[in-house]
Every structure is written in structure tokens, then in C-alpha cells.
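Below you'll find the structure I mean.
Chains: A, B, C and D, in written order; residue numbering restarts at 1 for each.
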């Protein structure tokens, strides 16, 4: 059966890894379609992403690869298919809308299981695309109580990633622990500049000449998770902070979409607090 | 006598300023070559930069302009000519070299009075261009004592601006007070990200996907002065921090050169902690 | 009656224009909110865009302005309000979708009268937003016949601008003459590079390291109209032309949206084959 | 003897190349420091650049690699060391000066054998750095006669690359044939836009909103050689073509320096009319 898989390996670095791994592919007569490696010398870690084609059983291939790499290696043999995502948003529609348009065009490489929001005003947009919209109001609720409701809803869904498409509530460490390396956020500044609330106001007040956006995995440290993608645009003294916000939205949505595409294509390794992007 | 001047006005905003100012130009039969204005509504401040040509006495023109704008207005009528600058550097040559090359090509719009350094290793480069190199060692000296020596040397020089072309010592508030809006620094990060020591190490450690540089006026708050110019370049996981430093040098020198050119062309107004750049 | 208008003036350059115009504003007690001017010395043309507020009748203000500027001046006093646009597209949905999302969020500054397409596959997307979708098939038709049908439909609509959101048919000179400075196109290359068919294939074949997109007014010279906005992204040898196309779509939609916003805000003057963008 | 080499292989693609090559490294106990591969499927070509360290004889390693790759493979085992370059320029100093500053700082990874110019005005700058300046006037000479003189001088020099640092004469096919993939040029436009004379005038006349520069290998087709590096900057209607030229110079010198660094680090493969840059 002709097959095509993404092989992702990260492990302790050691001599001969490329040889041992490529020998597995060669012995089975597989074709290497693309191959990228990286060694983090500081941490002594090896990362590899290879797309191989040929006749093989994915499970067997994985077992054989595990047998030639160091113990505790993380070996994935992934058959490309649409992943499942849940979107969380609050009231701004630009990131959500951008993802919906890509999904409707068949360009997202993911199915959207649901849109969850603590407000109700994105219901119309979501429903235009026949995606379930779940309003879990955060009004008059403690963070813990609200998150408990969200977790209950999430428990009833099947998904690979949660995408925070301008979800404007801070997630507790407890919440984040449920989904390690599974939550992707878009932050409306060029991190680590302007951590925290209203980065555009901060940027305007500081008088910067460039603003940006950052897509990152969410960890328990606010705005400190591994960065996947960033981009910037020039600004000048004529822009009020609301003008910066408006201009910044285009950067936010493109940066989030890029990061999401990279993740959905299994191109991103997390390496401590950083990412390797192939 | 045919004349060409840059008129710079900043004052409290009030109705009719453009009318009153342009009337002065009109009544004298002057041509407006270029004209740019900006009103900072938050602070109620008006900024205008006009290049006018015609037959007039600059001093008289200034007096007349003062008479039509609010009290305490800051009115400058500047005859374009080469300004004088002093460069301060430590050991890296890329910013200094870039400025020297521009100067040698007649493209700097400034005369370089001297290069002052706390180290001796840029002497050769500076002397290749027949510019005085003044080594004021900071070894075994308290900041205060060292700055006193530098100030003494500066007192013997005539200049409009001090350009910190990778001068790696922090200037005291006392020093800075001598030269308000006259010291231009290049910081090797996209401020306000990575304030303080070794921004490239910080950037590498944080795993950012973009690095940058910031040229700003020096105030008594370290790395907090009004930003004149910024730019960035993409980086990725393959770059060690020294690679980032190397790549960053090209951004640093271009950003500093751009800022310096803007200042030398009287295109920059300081507006509290921000700049207006025309 | 408190009013706020955009005053746009373009005319032959002459001495005292700023004075005469600002005098009109001053005599009527109007506030200048923002003001930008430009003189094209090569062509001896003056351009000015001023936002003024105060109590006045727009018609009267216009008449008075006309009386102080040269004959044949083009003077517009525009009360800001949503303009009307018609979108034309073929089969790609990214530009159309991006505009629809902005419109649904109330951020477009325009009402979309209709989407016209020579294909039927964008019907679903358009109808999700309750916008009329008009399919005018181009199959088995001469250009002239097809355009005649389109013109008939357009004649029944009221609109300020036609936005070609990836409309993949070339418009005849005859068609374009009906809508001077009213048709905005997005071209999928960094013009004037890669004029003509399939710019991404051309870019891939040429091995460029950067690709881009160009929004421009449509004139009778294909791909030669006045450029409003451009942007680029880096690419490398690993991208097939279809990868470039995919990456390029994000640039296309952002560049078109930026150009459209500038036009809708009356920030763009056409100056022969170029634009002045304030 | 501990060694560190760059292994560059380009050959017809075939199954098992990575395995066979990495086996050579593994059998000899070598460490792979970095490794990058690319397969051009259109042309069926394989490219690989690996940095390996360990105890080995470079010549023997090369022979062994040749024995495992297809016939006609191009296998290079390069011991990193300063390459030798000759600079050619005409009258603008920014690119030449930038390279000289890097060289003087020990950051160029190349020795400059000589600067050759058809004019005399860069003599002073070159001599400031104690580099031989060879003036070969092109005045009153046919191209052929002038090139013959230049070739004679080049024949007396030893070098790896010729860098055209704003050399403003077109080289004949005959000249270029002497130095295949050895001549690097900086073109002052974002190729393929504005091929030919005075790209800044062309860019100004066309009203583009972005200008750029392109570094490429010189082939017999003017401005059509394989592109190594490109970059751009935004411009607007306020810039005269001379302003564009001034602003463009910063892009030119940085793009040329980047391309030169890539070439000197053996990171560039030529693949027909394109480059692979690792």
C-alpha cells in the first residue's frame, strides 16, 4: 500500500543518528521526499522531520525507528490528514473570520469542531459557516468557575489543538496543564515587548515605529510560551492607538494563520521555551 | 538674496495656525517647497516643518513668525548646512565605519569633529579617514571620573550632536543633562524588547523569530528615550546568539544612519517621550 | 450644524495656495483636523487633503474654495459616509472572503452592493453574508458579449467603486472607459515584475527570493495603472510555485484591503500614472 | 588530525543518497555539525551541504563520497578558509566602502586582492585601507579593448570571486565565460522589475511603492543570472528618483554583503538559472 508519512523525531543528540534513521528508510526502499534536521548543541538535542513515501506499515516503521534512536526519543509517524481544532474567541472577529474563510475554501487542513466564546457577539459570524457556536458567558463568574464550564464542554469534544483567536481571558495554569503544547495563542504585540494588557496603547504611549504580533504555544507563564511566528508593520506618529489596533489586526490574523498552518503540518517542535520550525 | 530655509515650529495648538503662518510666507512672496504638519490632540500640540525659498532675511522671518504663533512657541528658521557631530564608540566598528564611509562620500550632511572611545582599538579605522581619535580609557575609573574626562574633551569641541555609535557604557543622568535632545544612540534590540545588557543573548534565549534595532535620543532613563527609527530582520532557530549579533549589526548601522540623516535634516521633533518624524 | 468633511484639492501649482485655502477655513472659523499637501514639481501640480470641522454648509465651502484656487482645479468637499462598492471575482475566495469579514465586522467603510462573478463557485460564500451574488458566465462568449452583459448589470446598480477581488478576466479598454479611476485591481505580483499570466509560475521559474502583490487602479493598459499599495514576503528554493501562490494569497488580500481602505477614506489622488497617498 | 570541512554535493537525485552519504560519515566516526538537503523534483537534482568534524583526510573523504554518489556528481570537500576576491567598481562608494569596513573588522571571510575601476575616484577610499587600486580607464575605448586590459590584469591575480560592487559597465559574454559562477553583481532594482539602465528613474516613473536590490551571479544574459539575495524598502510619492537612489543604496550594500557572505561560506548552489541557498 503506497503511503506518505511525516516522520518527526526528537531525542538526545548522538553520533550516527542521520545514518541510523536514513538506513531504516533505505532498507525498506522508502523515498525521502523532504528532510530537515537541527541539532541544539546547547541542550544536546536532535530534531528531524522527514517526509517519506513508499510501501510500508506506519506502525511498523515507527517501531523500527524507535529501535535505532536513543531511549526516551520522541518518534512520531504521522499520516497527513485534517486535524481537529476548537477555536476560542471573545469579541473581535478578524482572526476567527480569517480562519473560517480558509476553512470554507478547503485551505485550512483542519476541521473546526466548535467556536467557544465568553461573549455572544461572534455567534452570527460563526453560524454563517454552520459551525457550532458555544457561548459560555464569563459574566459574574470567578475564573475557576468559568474555566470549569469550558473544560466540561471541551471534554465533550474531540480535538488536536485549541486556537485562541483573540480570546481575551487569561487561562489559569490549571487549565493550561490539560493541554500541553496544544493551545496556540495570538498576542497583539511583538513579544516580549508589551506583555500584558492593551499592547497597542502601550506601543502608542512608547512611541515605537514598528508594531507586531506573536503566535505562541500557551504555557503557564503568561505571554512567555514558545514563539511560533511573528511579524511586524511600520507605524508613525500619525497613528492613534486605535489606528495601531486596526492596522495590527491584519498582522495578527496573518501571523496566527501562519503559525496554525505550521502546526497543522507538523512542522513545529517545542524545545523548552522555544520552537524549531521546519 | 535668494534663500532657502527650513522653518520648524512647535507650539500649543490653536485655531488658524496654518493660516497665520502661511500668510507670513505669502505676504513676503515666499515659495513653499514642502510643508508638513501634525497636531498631537492628546497633548494639544502643533508641529510644522516647512521648507521655503525666496528673498528674505532669516532673522526677520523668524521674528515675524514668532509674532503670529502662541507665546512659548518654539520657532526655528534653519539655513541648511553641514552640522557638526562627535562620534562615541567602544570596540565594534560597523556603525562607526558606516558613518565614516558616508562622510567620505560627501553624503553625511555633517562634519565629524572627533571620535571619542573608551578603548583604543578603533583608532586605526578612524585614522584611515584622518579624523581625530580621542582615547579616553575607562579602565580602573569610576563612571563619574571617566565622564568628567569626556566632558572636558567635549567642552573643547564645537558640535551639534553626539552620536553613540555602539558606545557600550551607560551615561549618567548628569552627563545627559548637558546635551538635551543632542545625544543619539543605537540600541541593539527592538525596544522596548530586551532592555539592558546583551539583547542578542536575551533574544536567542527567548526564541524570538524577529530581531531589530532602535535609534533614539538619550534621556536620563536608560533605553527609554524618544525613538527616532527602528527596523527588524527575521531570524530562526538555526542562529546562535552570535549569529544574531552578526546579522543584527547590519540593522543597527542602517537604523542609526537613517535616524542620523533625519536629525541632520531637521526632520525630527521631540514630543515628550516620543518623536514626530517628517 | 457641526460638520466634518474631507477637502480634496488638486490643481496647477501656484504661489500662495496654502495661504488662500487656509484663509477660507480661518475666515469661517473652521478647525483643521489633519492636513497634508504635496507638490509634484515635475508636473507643476498641487495636491491637498484636509479634514476640517466646524459649522458650515459643504456646498458653500466648496464654492468658496473654488473661487480661490486656479481655474480647472479639482475641488471636492466630501462628507464621510459609507461608499458603495461592487465586487468582481472569479474562483479564488481569499480576497472576497477577507472583504466580507471586514464588512460583517463593520470595518469596511463601504456597503457591498453585489458580487459579480464569471463563475458560480463563490456563490455559497457570498450568500453566507446575504450579499447578492450575480453569476454572469463567460463560458462560450466573446469578451465583448460577456462585458456587455456585465455592463448591463452594473448599469442597474449604484456604486462608487468596482473592486476586482481576483477577477481573472482582462477588461477591455471600452469597459474600463466607463469607470475612470473607479476600478481597483489586485495583481498577484510585485509589479512591474511578472506582468501577465501566472506570475507565481514566472516568479518560481525566475528564482526570485521575494514575491509580492500590487493593488492598482485599472486603466486601459493591462497591469500598468496607478499603483496604490504593494507588499512582499520572502520565499526560497523550497517553495514550489503552488506554495508561492498559497503564501502570496495572504499578501494579496492584505494589499487589496489596504488599498481599498485608502480609497474609501479619500486618501488617494491619481496623478497621471501614479498615485499620491495621504 | 581533527578537521572540519564543508561537504557540498549536487547530483542527479536517486534513492538512498542520504543513507549512502551519511554512512560514509558514520563509518569514519565523523560528527555531522549541520546538514541541509534539497531535492529539485522538477529537474531531478539533489543538493546537500553538510559540515562534518572529526579525524580524516579531506582528499580521501572526497574520494569515498564520490564512490557512493551517481556518476557526474559534483562533490566538494572544502576546508573553511579565507577566500580571495577582486572588487570591481565605478564611482559609487557605498558597496565598496561597506565591504572594506567588514574586511578591516576581520568579518569578511575573504582577502581583497585588488579593487579594479574604470574610473579613478575610488582610489582614495581604497588606499585608505591599503588595498591595491587598479585604474583601467574605459574612456575612448571599445568594450572589447577595455575588457582585454581588465582580463590581463585579472590573469595576474589569484582569486575565487569577482564582486561587482556597482561596476557600471556591461560585461560581454566573452568576459563572463572566463569566470562561470564566479562573478557576483548587485543590481539596483528588485529584479526582474526594472531591468536595464537607471532602475531608480524607472521606479520613480512607474510610481511603485517599494524599491529593492538584487545580488546575482553574472551570466551572459544581462540581469538574468541566478539570484542569490534580494531585499526591499518602502517608498512613496514624496521621493524624487534621486531620493530613491539614496535610500536604495543602503539596500544595495546590505544585499550584496549578504550574498557575498553566503557565497564565501559555500552556502549557495547554482541550479540552472536559480540558486539553492542553505
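As a convention for this text, a contact is a pair of C-beta atoms (placed from the backbone, for glycine too) under 8 Å apart; a residue touches a chain by one contact, two chains touch by 3 or more.
Keep in mind that this is a model prediction, so the values were computed, not measured.
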| item | value |
| --- | --- |
| Centroid-based (C-alpha) most distant chain relative to chain C | D |
| Pair of chains joined by more contacts [C-beta pairs], A-C or A-B | A-B |
| Rounded Å distance between chain A and chain C, as computed from the means of their C-alpha atoms | 35 |
| Rounded Å distance between chain A and chain B, as computed from the means of their C-alpha atoms | 41 |
| Interface hub residues of chain A, defined as touching at least two other chains | 34, 238 |
| Residue ranges of chain C touching chain A (in the complex, touch as defined) | 34, 92-94, 97-98, 100-102, 104-105, 107, 124-125, 128-129, 238, 246, 250, 254, 257-258 |
| Touch list for chain C against partner chain D, complex | 38, 40, 190-194, 206-210, 212, 226-232, 236-238, 271, 273-277 |
| Contact set on chain B toward chain C in their complex | 15-16, 18-20, 22-23, 25-26, 29, 31-37, 39, 234 |
